[in-house]
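For reference, chains read A, B, C, D and E in written order, and residue numbers begin at 1 within each chain.
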Amino acid sequence: MTELPGTPDLRHSLGDRRALRNTVLTVLLWVVAVGAAVPLVSVLYMLITRGGARLGTALFTQLPPAGLEMGGGFGNAVVGTLVIVALATLISVPFGILGGVFLGFVAPESKLADATRFIAKVLTGFPSILAGVFVYASLVLWMGTYSALAGGVALAVLMLPTIMLTSEQSIRMVPQRMKDAAFGMGCTETQAMLRVVLPTATPGILTGVMLAVAGAAGNSAPLLFTALFSNYWISSLGEPTASLAILIYNFSGMPFPNQIELAWAASLVLVLIVLAFNVLSRLISARRV
Amino acid sequence: MSVLDIARPATDYVAPQKTVAAAAIDARISEIHYGKFLAVRDTNIAIEKNKITGFIGPSGCGKSTVLRSLNRMNDLIPSFRLEGQVQFLGQDIYARNIDPVVVRRHIGMVFQQPNPFSMSIFENVAFGLRLNRYKGDYKQRVEYALRRAGLWDEVKDKLKENGLALSGGQQQRLCIARAIATEPTVLLMDEPCSALDPIATRIIEELMLDLKKDYTVAIVTHNMQQAMRVADTTAFFSVDISRGGRTGFLCEAGDTEQIFHDPKQDLTKRYISGEFS
Amino acid sequence: MSVLDIARPATDYVAPQKTVAAAAIDARISEIHYGKFLAVRDTNIAIEKNKITGFIGPSGCGKSTVLRSLNRMNDLIPSFRLEGQVQFLGQDIYARNIDPVVVRRHIGMVFQQPNPFSMSIFENVAFGLRLNRYKGDYKQRVEYALRRAGLWDEVKDKLKENGLALSGGQQQRLCIARAIATEPTVLLMDEPCSALDPIATRIIEELMLDLKKDYTVAIVTHNMQQAMRVADTTAFFSVDISRGGRTGFLCEAGDTEQIFHDPKQDLTKRYISGEFS
Amino acid sequence: MSSTDFKQDSGRSASRPPTTGDIIADRVFRGGAYAAGALVVLLLIYILWEIGFRAMPAIERYGFGFLTSAVWDPGQEKFGVLAEIWGTLYSSVLALVIAAFFGVGVAIFLTQDFLDARLAQVFRTVIEMLAAIPSVVYGLWGIYVVIPALRPVAGFLNETFGWFPMFSSSFSGPSMAPAVIVLAIMVLPTVAAISQDAFSLIPYKTKEAAFGMGTTRWEAITKVMIPTATSGIFASLVLGFGRALGETMALAMLIGNSNQISWSLFSPANTLASLLASQFPEASGIETQALMYAAIVLLVISLAVNVVGTLIMAMSSKQKVG
Amino acid sequence: QSDTRLTGSGASFPFPIYSAWFKDFSSKSDGITVDYQSKGSGAGIQDYLNKVVDFAASDSAMKDEDIAKAEGNVVLLPMTAGEIVLIYNLPGVTEVKLPRDVYPEIFLGNITNWNDPKIAEANPGVTLPDMPITVVVRSDSSGTTFNFTGHLSAIDAAFKDGPGFGNSVQWPSTDKLVKAPKNDGVTATVVQTPGAIGYTEYGYAKLTGTPMADLENKAGKFIKAGGEGGSNALASAQFDDQMRAFITDPDGENAYPIATFTWMVFPKSVADPVKADAMKKLVEYGLTDGQAMAESLGYIEMPEAVIEKVRTAAEKIGAGS
């Protein structure tokens, strides 16, 4: 084919290995892509059929059933999840944003920033169970009780690096000329940050926060030794607290059909909560200028 | 002031059709659309064997569009649609049964931005050979192509280095070597020097003059001096806006000497004299 | 061909130092470095009160660098280092005990790209007032600043709209209004019109001529016509490469009339005549 | 700072120095930012110290033998995590192989013009949603969907290809196979997302060069696009591997928690993370210390992988893609 | 009255009955709620030693060394009792008898198929499938395991010398051994896995309708779980000074071979007297109303004599050490 004769043959050759391979690989790729989507379809199908079957107000107003009781719900776990995640957010967001400000604005080039950035990136892959182990060792033992607070701290450890890095990114994306304008007006660093840079970067930061929240809401491993679980409504932050993730873990291993149905229903609710935060983050990022 | 106003009077002018015996490519394009946009109309042009044909004209007049339709590169753009014929050695490359992949193997292309692959210099040049399952001596063939591209002496000791590590001018010569390694019949070049400095540009121009002994070359250039230096035949494209959009067309084509010193068309004359660009 | 060759003979020339009684800013800069790179040397210049001083010169000659060092904007660049003095109303703003934030509050700045904040028009103008915890009547002050910037009639009905929703020329006038709302002493402008169309440019030029009644203005411009139209005093910067890098320096400064019609320096003459740019 | 006042000029000027409050706020804010930056560094050090300190007695007592023994017997105070290390690495590697195949496939599918832009966006969302499903939900799904679905397949494989080490035992339920499948699904979005970035970073001119040389679409993909994206794909795999190593709950629910070393996909196994999840609540004394030692092992493996991944990412973002 | 919450954790063996008790008790006693997490006896004891719960529950009571670790600050109270049964999942088979020399071998991994001649011999008339046996054991530290392995060690020397007994033991390393957490996990895994066998508290099997094997007792008789066999087994129990008693291989013609009490662990010294009071109320509830529920939930009502002893011992709660 390389030594060209006078008039080359440019036609499609039927049964050409090349064309055939091209087709086979294209088909294969479609199969792969569709295959990758199958699990999601299956999970959603199960959630909707098995979890949806139980959906009702009772789920949110009642407490988990004891061993063989019928009915019941997981209202306390929904509340507990929201409380723990809210605590984690309250703890991680200020530090995360402040850290993002440090990385993206105050001293982006400093040695400390290099170290912080690197460690934050590495910590995004931190095994979540270790956050639980760490908070158990440092906080639960010290407080003398499992608690929503400990659960919140464990999740905050996992959320912090994500929030920090996304905040840094959105702060860096604020155009330099905006920052110039602020300094040109005689802003101190803080004023430039608070009055100009942060407001402009807010949608990006919120997007990151929402993603971190979504991740935290579905996280169970760190809660195992920190928030533990409770069969009752939460009455203080210093006591064991129910969460959907642990409820699903506990109930999924049970031999009782009622509990298993509840596990599916709780999964559906948990996925909806996580997706709600994901969607929120998308909406916020879509509104970004 | 803009070329638009100038182009208007030429609306219905169609460059005379000239059949050339020694044409490697003989294009008779009546329309090229991108979606609904008519980008080029009435362009009949022959690329003669062992000559360099230069395409000049103001920006947006469809030079690249026409060049790319000569080896079906434009097939990559889904909205592209061509009406007319492009004969390559007697076969219409837009005929139903033609495989565009094969067309491109016979009609090589060099682009405005040097675009070597992120692999070794050797592998860059050997790429087309491997693609064609060449059975002969790769080393010899690669060396030959690099020599023809005037790059051999500069890279012979670092054939294993990444092609992207070369300078811009070297990268462009590497791309030329890559294109000629499989000995295509025609070489299309779309402003191959516009990203290069004057020295690298000169080197490539000399290279082209050397290459035309064995290949047929078509080159788009923005630089009229360059066209005068290298092209045997020059095709001048212009643009008119009478049909709604800015539609390019072949205004005049002929010997480079004639186009630059005795243009037949008023538009050509004004363009040559630098009145618009 | 390039400015580099032309600039060489001037290596050791230092513009004569002229002390001006009515100077708002009197800069005696001996060197400005970015890290190891010597960007500017030997630049003594006085910005006279209630006059417009224009900075002209080829690209990269340090006009922006000098302008920005007059209100310590360059402090934001960590590698920036200045040797010399910049007196503002008799105080050296580079002295130890000076807070650059305070300097910037007295010497306002308008940038090349219009850069209003992403907040309402009103808040954009009131920004500096709030920053300075102004106690008076905000509405009145904002209206005054917008009137001075010639923007009031265009925006008076939409003060709550986002500043970014305005056209480029309006945005730039908004930035001027923002800068003058706190009545700074000096206004520095770095090519304020280069992103604008000719009509918007004219409006801003007229505005500058009006502003100089109350303010002292220094403006960098690429456009010599603009300098001739608005500047009372013109400073011509050039660049030399004798010390390794391209180092800018003040070549000649004086009445605009004199600089453009009777330049003392050969380099100035050649620049004015368009020989290089 | 200073009491600089340039106020001898126009009386109208509203300019004044920052108030003391502003200056204090500035200091506090800057200090806070530095503190928050330092916090992350301190946090990692504190975690290492907290866990390392508690692991110290076990490290002294068991030394390297801990890594090479497969016994976990609190009764006799004999501890070793070889089986868990094996289970962790084996499950992660297998999951990664599957996730790489599908993830890179999806990345190619979404970036190489197989779908029009809108459909591709929909599909991308579908893949991203896989990442939004919590681990326990995958565990539940694994128990009730994957295991029953695997049962006949695994039975067939074991009967027909029983000689092959990976199919050498019969399938009973919780075991390596369902764990690997679920793990692969959880890692897939990471691999797909980062490989997609790698592919979309390749400039259009490279694609043009490939087609200009007369490649078919697939030749362009396999001979040019994939080689050019290699470092990005590699980074996606390393990061995916890091995620897989640390995954806990779904594995604890599916893997069978049995500390043995086997090639068979149908044998139960254990991982470091699920060892921690199941033993930590009840451990006391030396067992706690041994678990902390196991946590260190997990931490070291996972940090090492993530450090490598982060470094590769840093390098590949600087890579010359043309 | 202010709210008092008692937090407890531990054994899963009695969880079905405890959760019923605590819910009922919490609703009946004003201002007191009892929050109990089933984690396994080992974890409960550990929580108790770490002082992160108010009370624990364990069906292996508490080892002397753990009592020492708690500095003697423990009151061990047997609260109910139950049988440990062998549940299995054999499609189409609902009755299996397992002799004394067979089931230890299964758990030792020596008998690996349901059609093993030794099993077949004991089950004439039952068609046992050719199916590998999947053994399901506990992954966590468990009192159920303690009692079960205690029994196996008592009747099988090889088991005693091999895995031995304890809250968690070194099970043989085979492909066919799956571990699951808590009684729930074992039951669920057996239910989901054809060919599986596992040990669990009788209540779990009863509530889920999972088939249980009849076990051969010391006297050589096959006993069905759930009858009088349990009480018979426990009849001979002798408590030590910490109220502990384990019967590893009961005598008696009709005794079910594996049964045990299960304990709650309370502190002797309680900082908050209201809490101590609540604990005593809880114990009293368990000894009265609680016992009445036992049988219906698959547990064994304790003999009156034992109840009396427990009532006396409960006085020590909150009485200081």
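As a convention for this text, a contact is a pair of C-beta atoms (placed from the backbone, for glycine too) under 8 Å apart; a residue touches a chain by one contact, two chains touch by 3 or more.
As the structure is a prediction and not an experimental result, all values here were calculated from the model.
Using the contact threshold fixed earlier, the set of chains in contact with both chain B and chain E is A, D. Contact analysis places A-D first among chain pairs (by count of C-beta pairs in contact). With centres computed as the average of Cα coordinates, no chain lies farther from chain D than C. Of all chains, the one whose CA centroid is most distant from that of chain A is B. Here the CA centre of chain C is 52 Å from the CA centre of chain D. Chain A and chain C have centres, each the mean of its CA atoms, that are 48 Å apart.
Remark: chain C and chain E have CA centroids separated by 86 Å (rounded to whole angstrom). Chain centres here are Cα means. That of chain D falls 39 Å from that of chain E. Multi-chain contact residues, meaning those touching two or more other chains, occur in chain C at positions 101-103, 105-106, 128, 132. Touching of two or more other chains is recorded for residues 15, 18, 143, 216, 219, 281 of chain D. Of all residues in chain E, those touching 2 or more other chains are 180-181, listed in ascending order.
Inter-chain contacts occur between A-B, A-C, A-D, A-E, B-D, C-D, D-E. Contact residues on chain D toward chain E in their complex (touch as defined above): 70-76, 143, 147-148, 151, 169-170, 172-175, 256-260, 262, 264, 266-268, 278-279, 281-284.
Those residues of chain A that touch chain D in the shared complex are 18-19, 21-22, 25-26, 28-30, 32-33, 35-37, 39-40, 42-43, 46-47, 50, 95-96, 98-99, 101-103, 105-107, 112-113, 115-116, 118-130, 133-134, 136-138, 157, 160-161, 164, 186, 188-191, 193-194, 214, 217-221, 224-225, 245, 248-249, 252-253, 260, 263-264, 267, 270-271, 274-275, 278. Chain contact summary for the complex, chain C toward chain A: residues 71, 73, 76, 78, 101-106, 108-109, 111, 113, 115-119, 127-128, 131-132, 164, 175, 178-179. Against chain A, in their complex, chain E makes its touches with residues 3, 5, 7, 9, 15-17, 19-20, 22-23, 26, 33, 35-37, 50-53, 180-182, 184-185, 187-188, 191, 203-204, 207-208, 210, 297.
By the touch rule above, chain B contacts chain A in their complex via residues 88-91, 93, 97-99, 101-103, 105-106, 129, 132-134, 136, 182-185.
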